[in-house]
Amino acid sequence: MKDGNGLTRFGVSLSSKLLKDFDGLIARKGYTNRSEALRDLIRDSLVQAEWEAGDKETVGTVTLVYNHHTRELTHVLTDLQHHYHQTIISTTHIHLDEHNCLEVLVVKGKARDIKKIADRLIGTKGVKHGKLAMATTGKELA
Amino acid sequence: MKDGNGLTRFGVSLSSKLLKDFDGLIARKGYTNRSEALRDLIRDSLVQAEWEAGDKETVGTVTLVYNHHTRELTHVLTDLQHHYHQTIISTTHIHLDEHNCLEVLVVKGKARDIKKIADRLIGTKGVKHGKLAMATTGKELA
Amino acid sequence: MKDGNGLTRFGVSLSSKLLKDFDGLIARKGYTNRSEALRDLIRDSLVQAEWEAGDKETVGTVTLVYNHHTRELTHVLTDLQHHYHQTIISTTHIHLDEHNCLEVLVVKGKARDIKKIADRLIGTKGVKHGKLAMATTGKELA
Amino acid sequence: MKDGNGLTRFGVSLSSKLLKDFDGLIARKGYTNRSEALRDLIRDSLVQAEWEAGDKETVGTVTLVYNHHTRELTHVLTDLQHHYHQTIISTTHIHLDEHNCLEVLVVKGKARDIKKIADRLIGTKGVKHGKLAMATTGKELA
């Protein structure tokens, strides 16, 4: 079995009405399988707990939008990213238009360290907008 | 059966590792029953969808913190609440200290109307902090 | 000056376009005063940090929706609330319909303790939906 | 001036205590400039409103974590992404470990369309975790 994990099957009981509504919601979201939708809710609650704990290794993505004409900004961001090169795995750069750039960084480390790096990048003068998405290494999520 | 709903039972399959982690998480949260934890995740996703849709009748609570010494503030808040008296079901007032008050309003109506009322109250000059909690009428949630 | 705080005035510079858009947004939210809208953003970021720190005294509200016909539920919730009576300041009960009740509890204590109490209440079997709103004592927020 | 925007300067008044606390918070977040911290709060509230409106063109990133050994998953995800090729600008793939992959997609389109694509990808059987980060084209944000 993948990841060395056996499969378990267990029963959930709930009202027919609740089940019907849930089936409707997940169909609209594109799920073809109820177990998969439940596993996603379960995994999402575990990932949330991981980020609240703060000290486990996890992965996040930081999305930055900025104007590359802003004086020195490109240098400052590059320097900052190199400073954290052991934690930042990759950076993808998109030329949104003549002026605006979007960068997505994949960052791996302890939740609280990723948050700090995200704060530093988002707080850099000239960065218009920044957002941290809390993901996972996937290791603990079978 | 209550709410006229029959009970259904269905099987979920997932890896033993994922189930073990989830059982650990919900035990820490005080759940004594795995089905109940899953029903809570299911209901929460339905309530979230309800609020995103915007046009269904639902219930929210608005929590306001303010200093009652702020000139005219108590009158302004009371007037505003009376203006929306058909939507605001109740207001609980707590004297936090010599200066600070907390009020929790229970508001029932369409999601988008509740949001508007919350914005108006929170935006009132002198209100230090405000927060909308998105709940539900419970009717659709068996 | 109230709360023993002097007032300070400082200048913010930003592009005319950004200011125009912000003025539009806050007008739609019912603000009549730009400084107040900015103070609200500032206070909100401080309250968020307070909750992330976890160990400061703060105030939250817990909103529960449940069916009062559920066997034993009313007793269990009452017992739980009495167990935490030193932290739970007040409970407001609303009869939503024939079956559904809403309760809003005002809870005062350390952020992490309030979260634990909220988890326990929301996780109680039969509670359909629960939500914690993170507010503040207002003391530190002038 | 860049983006054709003039600069405006205006005054904000608030209590010295509130300003001191805010200055402390933003220093911890790495800001060197108070105006920049306020502009970030302002821009963030505008981006949030943009996503709530739903019909404006914006940009989001979708982060997916999955096990590439899962049967057919890589094909399904590739097919889905090609189906939406006009909206998905780029995909970055990270090999997290022997089994786990992370993909970050940059998606440009109407907020509600991006949400739908994110739901479809996250709901794909075998995707362990998915998260949408709501960013912006930057065009409207001077």
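Remarks
Going in written order, the chains are labelled A, B, C and D, and every chain counts its residues from 1.
One rule holds in what follows: a residue touches a chain if its C-beta (ideal position, glycine included) is under 8 Å from a C-beta of that chain, and two chains touch if they have at least 3 such contacts.
Values in this document were obtained by computation on a predicted structure and should not be read as measured data.
Among the remaining chains, none touches subunit C as well as subunit D.
Note on A-B: across the candidates A-D, B-C or C-D, the interface recurring with over half of the contact pairs conserved by residue number is C-D.
Between subunit A and subunit D, the centres computed from C-alpha atoms are 10 Å apart. Per-chain Cα centroids separate subunit A from subunit C by 26 Å. Across the assembly, subunit B contributes residues 3, 43, 141 that each touch 2 or more other chains.
In terms of inter-chain touching, the protein chains here make up one closed cycle, each touching precisely two others.
Every pair of chains that touch is listed here: A-B, A-D, B-C, C-D.
Within the complex, the subunit C residues that touch subunit D are 1, 3, 5-19, 21-22, 25, 34-35, 38-39, 41-43, 45-46, 49, 140-142. Interface residues of subunit D, counted against subunit A in their complex, comprise 2-3, 26, 28-33, 36-37, 40, 43-44, 47, 59, 61, 63, 65-67, 69-70, 89-90, 92, 94, 96-97, 99-102, 104, 106, 108, 119-120, 122-139, 141.
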